[in-house]
Amino acid sequence: MGLRYLDAGESHGKAVVVIVEGMPHGLVIGASRIEEELARRRLGYGRGGRMRLERDRVEILSGVRGGKTMGSPVAMLVENAEYERWREVMAVEGDIAVEPLTAIRPGHADLPGALKYATRDLRDVLERASARETVGRVCAGALAKALLEKLGMRILSHVLSVGGIWAETGGARSPEELEGADGDPLRCLDPRASGKMVKKIEEAEKNGDSLGGVFEVVAFGVPPGIGSHVHWDRRLDARLAAAVMGIQAVKGVEIGDGFRLAEMPGSRAVDVLEYTGDAGFVRASNHAGGIEGGMSNGEPIVLRAAMKPIPTMKKAVDSVDLVSKEKVKAAVERADICAVPAAAVIAESVVSLVIADALLEKTGGDSMLEIEERLEAMWRRIRDF
Amino acid sequence: MGLRYLDAGESHGKAVVVIVEGMPHGLVIGASRIEEELARRRLGYGRGGRMRLERDRVEILSGVRGGKTMGSPVAMLVENAEYERWREVMAVEGDIAVEPLTAIRPGHADLPGALKYATRDLRDVLERASARETVGRVCAGALAKALLEKLGMRILSHVLSVGGIWAETGGARSPEELEGADGDPLRCLDPRASGKMVKKIEEAEKNGDSLGGVFEVVAFGVPPGIGSHVHWDRRLDARLAAAVMGIQAVKGVEIGDGFRLAEMPGSRAVDVLEYTGDAGFVRASNHAGGIEGGMSNGEPIVLRAAMKPIPTMKKAVDSVDLVSKEKVKAAVERADICAVPAAAVIAESVVSLVIADALLEKTGGDSMLEIEERLEAMWRRIRDF
Amino acid sequence: MGLRYLDAGESHGKAVVVIVEGMPHGLVIGASRIEEELARRRLGYGRGGRMRLERDRVEILSGVRGGKTMGSPVAMLVENAEYERWREVMAVEGDIAVEPLTAIRPGHADLPGALKYATRDLRDVLERASARETVGRVCAGALAKALLEKLGMRILSHVLSVGGIWAETGGARSPEELEGADGDPLRCLDPRASGKMVKKIEEAEKNGDSLGGVFEVVAFGVPPGIGSHVHWDRRLDARLAAAVMGIQAVKGVEIGDGFRLAEMPGSRAVDVLEYTGDAGFVRASNHAGGIEGGMSNGEPIVLRAAMKPIPTMKKAVDSVDLVSKEKVKAAVERADICAVPAAAVIAESVVSLVIADALLEKTGGDSMLEIEERLEAMWRRIRDF
Amino acid sequence: MGLRYLDAGESHGKAVVVIVEGMPHGLVIGASRIEEELARRRLGYGRGGRMRLERDRVEILSGVRGGKTMGSPVAMLVENAEYERWREVMAVEGDIAVEPLTAIRPGHADLPGALKYATRDLRDVLERASARETVGRVCAGALAKALLEKLGMRILSHVLSVGGIWAETGGARSPEELEGADGDPLRCLDPRASGKMVKKIEEAEKNGDSLGGVFEVVAFGVPPGIGSHVHWDRRLDARLAAAVMGIQAVKGVEIGDGFRLAEMPGSRAVDVLEYTGDAGFVRASNHAGGIEGGMSNGEPIVLRAAMKPIPTMKKAVDSVDLVSKEKVKAAVERADICAVPAAAVIAESVVSLVIADALLEKTGGDSMLEIEERLEAMWRRIRDF
């Protein structure tokens, strides 16, 4: 059954809750480690007011004892500090005292969700479709990331482009190179590009507009042979693509050189293989982004994703009222202008969950003790192959 | 449990077999309909010798009676006409008389698979990792496609680029526009580009090289509200991304304008919504590619994927022997130079499977009778919303 | 993906949490409805001190707005009133100040769990293995039960035997007959037997012993054709068996006349079929317990389960210390003497979850509106068949 | 994703097909091993004509090379020798030349299936509901059993009762005791009881009646800690119950002393624990049937199931015509009088699949090499605990 999780919670509801089932026994974890990731989720220049207000505190409700996982499901709860102000709108019981929300926001779940549920109150849809929900995925991902780090792996990210401004970066070959990203206002490794991005965001803010961008997630230290070529739904690339495409506003995912590979001849696209006494099988390049045949190949796993600009903008968008069908303007006062740096952090989380799940399929095992032993044996066998 | 399937079979084994479980009762289907799709899988200029040799015949072994599905699992078998010639290499029982294969082909499953299984015979890996396996997915997809067509939907594809040559095409707004693709040597809608692609392929052939490209799949007629925003793994975009990224050699997937959306400001990226008496809610554009909030929104679902050039080329690639660790050349005599047109057909299959699965979640039901009634009521409710 | 849930929480931890994903939009539900079920879970003569102390309050944290489900995941939290007293033992963070628990209790998860996790503290296992966890399943089941009730179905239970004392009851043919069970100290419909059971329990209490028993769950109003014969894991009987056997201390499950059917000749075991103008297809008996070919057949679904006596008793059981390997006595001061009436309530919950899941496969749909319409059409078609 | 499989095929269709996905690399397997199990599925006094006619030959179509599994999905095909005679009735394509079948057989899937599919031809249902389908499960189970045997485990079965005649057997403590079962006409270990069962069957045959019974499956050598207590659907008992209840005609499942445990006081129901230098932790009895807290505990896993008498009998049963609603007699010329010995063999198969799946969760690993190493380490750790 692997590593599985369910998350729950509405944007202005009481709390976001997540249960992670399938974590082994004996992993060191605590609220502060998870809150670090939640804080990273608020990073980035161009965030709206809410991000500055939020200060997410996680409460671990189960599955952890004495600072270590017990093997039982880990439940985590992040209360919504704003709930009191929203109680009328989001009351769990009793009638809702406020009018239904009917001004459809294009580009969001609003209209398809309303048609799906045959509801005349868009709030029933948009509250859950909101990116607030990713708090749950980041909590879950923090567990997975802690697991991977304990096992010598690192999952990191950085921003490649915002609003068409591209960073000039060579492919990262070590975790250290990426660690600096958090220090930059846009989590970008190219300070010149970052400066331009800031300006672009300021301009967009002035225009009441929003901006998307492209980010990269890199997983270091993943042993070869994770995932599988034998059935499509076991492939690591397929699972990573689902997890990252499943993040709100992500519209594209690529592995390694991705779409650029489609333009190269095979002779240039291939990662030539060598064998050295020290490092074993090595590749001169990593066009494949660490995945061949649906499996990790020992190189860093590189994944890039495109985030569309958030469709909620101060600048009014032409739209329609769900009920009256009259023309309306879908405008919002407070919103992120650019959330690409945060999306990258969320992507780290879901990538960590996928890799941890696939890794646990390979190692099996119920305790960190067992898993560490087996991973060590795996590495030994690979080295001695 | 939805619509699920398992496929089996090695490239030079006896047969490819697939079992599709979860099809409703009463769908008209026959071998010829499936073989049409299998034939389309062999399309495209630049295919290797095998494609010209293959003439795939499918045998329906179960689940269909009197030309209609019974509701029970549908098993389909496609024998491998070449098996006799490969019997020594691929004997099911008894010892294998030939030497193990040890020259690693970079870019394939070979090395990670060998490390995964700790095997010293690459054939144990590459036989299953081969794209021959997609015969099974195309058979399964043919059922799903027949289901969707009966319910008024169409899943089509065309090639956008090969080796860096791009077709000039506006976004397709009707199935009719795409139907012509099969008539073109590269399944491309722009004849000028197609001509250049042919030349590019001839050039690559001369150089012993290979080419990738980008293709597009479009699903017409899908009702709004399929998929869901409530949990990441229910999202239609996430599921489509997994299915398409799960095809051999695909390294990137995007929905709608995908990576280009990351460069646009929100004000241009949004699909402005209108309401007309005749057509109900309509959008002036389809940047979102028919998916908002993880759900179909009633517009055509547009998905694009990047296929890397096949890493098996006549031109020898530097590589290593799995066992001796000596330098070798990974060369192959007979291979596709370009398989993008075929990959697009395979993608139609897996997209059909995902959409059919998500649609059946919405309609429920065990028989075409029941499903057709419910879909009609859904459309009526949407029109009268 | 159907109706799925994860529950979390340790016996003396902070809380039990459950997330139910896949509930449709528009079901009326509130905390009081769930708490009613939680209160029923504490019913029954012979419960230990804890049951009398507990007064479970549920907090709905998400997925419900204005008294109705939103379609998004429903998170429910039941705090553990006793946590403060257990904080030292069950601290989430920081070191555990108390000694590890090492006296193995036979009949519990203790020893296999310790070997599984390679842990030397049994508390890491037994805290989760405790039946306190069923609070989560009862909360989840309360949602499913509310759904089924809104759709005209009833899931009820009663106790058939305790410690070898058997109720004399004919098979229940109407929900009304079973509603009275909660009024009896043992949730038993035969007052004479109930009186004897009470005495048996008092006797056991005196001896420091414990008692098991057999209970029955009956589902009324389930339409025929739910579940499926086409694949084993779709069968309603298989799914019910898993759910009920998955309750702590349940060691046997039977459908209809179950093990007694194995002793009857076919001519007596079969439920003869008739057709009447009024009621359509009817059966003269219900030996099959409402399930034929893995599907509901329109008769009440009848399931019986055997609960072993709780292996924690005042009377000391011979056992071993996990670490020292010395002989110990596994004795406990406070424990239930008989929990059969409560197990029956828990079984109602998991049976409701299975039937709701299977029903939603048949109806599909995202809202109660849609589901009610479809169910009505299903009943109409069945009546007019 | 574990070990999963789909099987397909109708009773009088072309073939039964099964695909098993998730088998590790390097397991020795061949058609003869699988056919042995298929032959055992035909065992037992009291079988109908078909059993004597059938001589099932399996063809392995994929996933096995040189007598060993490749790690890729294993497809197996068992042709139906009788298909030619049934071609008119079961034609895959073209119209069905014979009249629809409308005489409902009570006790079978016929009526609920017809209502489910809204079909007026019962053949669309009963062809798949037939126990012929279990050929697929036995093929799949043969792989799982071979895996378990290679790892030192044994899964065996015997018949406990037929038509109310009970064998007198103590609980089996070694595989050797059970190996003899196949030699008995009823796969019963008590020759006196077996003799009486034969007579009982002869009597039933004379009366045109049928008989059910109870069988037992025992799994030896399963290490402790397989399955889990942390979530209901991970519990080994829940998974075993589903698998065995999912066999046609099984109406009850119990683990260990099962329903008898419900009558014992806790002091007698508990398996007292001891520690010996040689054998480590041992239990003086095995009332729990080798499962505590949803996990294997190192004792033999003992499971019993009740099979109802097959409802198809020469003696005509009162029934109704599906279409005309007139009274009919549901009679059949050729049928099994008693299939309990065969059901036990089928149960061995599904029990093997469940245990193999749960074991692979614990060991992880992609090759027999890796799994054997890890299992050895597990046993070592358990011994040295």
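We call the chains A, B, C and D, going by the order they appear; numbering starts again at 1 in every chain.
Just so we're on the same page, contacts are C-beta pairs under 8 Å (C-beta built on N, C-alpha and C of every residue); 3 or more make two chains touch, one makes a residue touch a chain.
None of these values were measured; they are calculated from a predicted model.
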Which of A-D and A-C has more C-beta pairs touching across its chains: A-C
Of all other chains, the one whose Cα centre sits farthest from subunit D: A
Between subunit D and subunit C, distance of the C-alpha-averaged centres to the nearest whole Å: 26
Centre-to-centre distance between subunit D and subunit A (centres being mean Cα positions), rounded to whole Å: 44
Centre distance in Å when subunit A and subunit C are each reduced to the mean of their C-alpha atoms: 37
Multi-partner residues of subunit B (each touching 2 or more other chains): 6-7, 21, 71-73, 116-118, 125, 128, 225, 228, 230-231, 233, 362, 366
Arrangement of touching chains [line / ring / star / complete / other]: complete
Parts of subunit D lying in touch with subunit A, wherever the complex brings them together: 1-2, 21, 71-73, 225, 228, 230-231, 233-234, 360-366, 373-374, 377
Subunit B contact footprint on subunit A (complex, rising order): 6-7, 104, 106-118, 125, 128-129, 137, 161, 163-164, 204, 207, 209-214, 224-225, 228-233, 235, 237-248, 250-259, 261-267, 269-275, 281, 283, 287-289, 292-298, 306-311, 313, 315, 317-320, 322, 325, 327, 350, 362, 381-382, 385
Residues of subunit C defined as touching subunit A within the complex: 4-10, 13-19, 21, 25-26, 30-31, 59-67, 70-75, 77, 90-96, 116-119, 123-125, 127-128, 366-367, 369-370
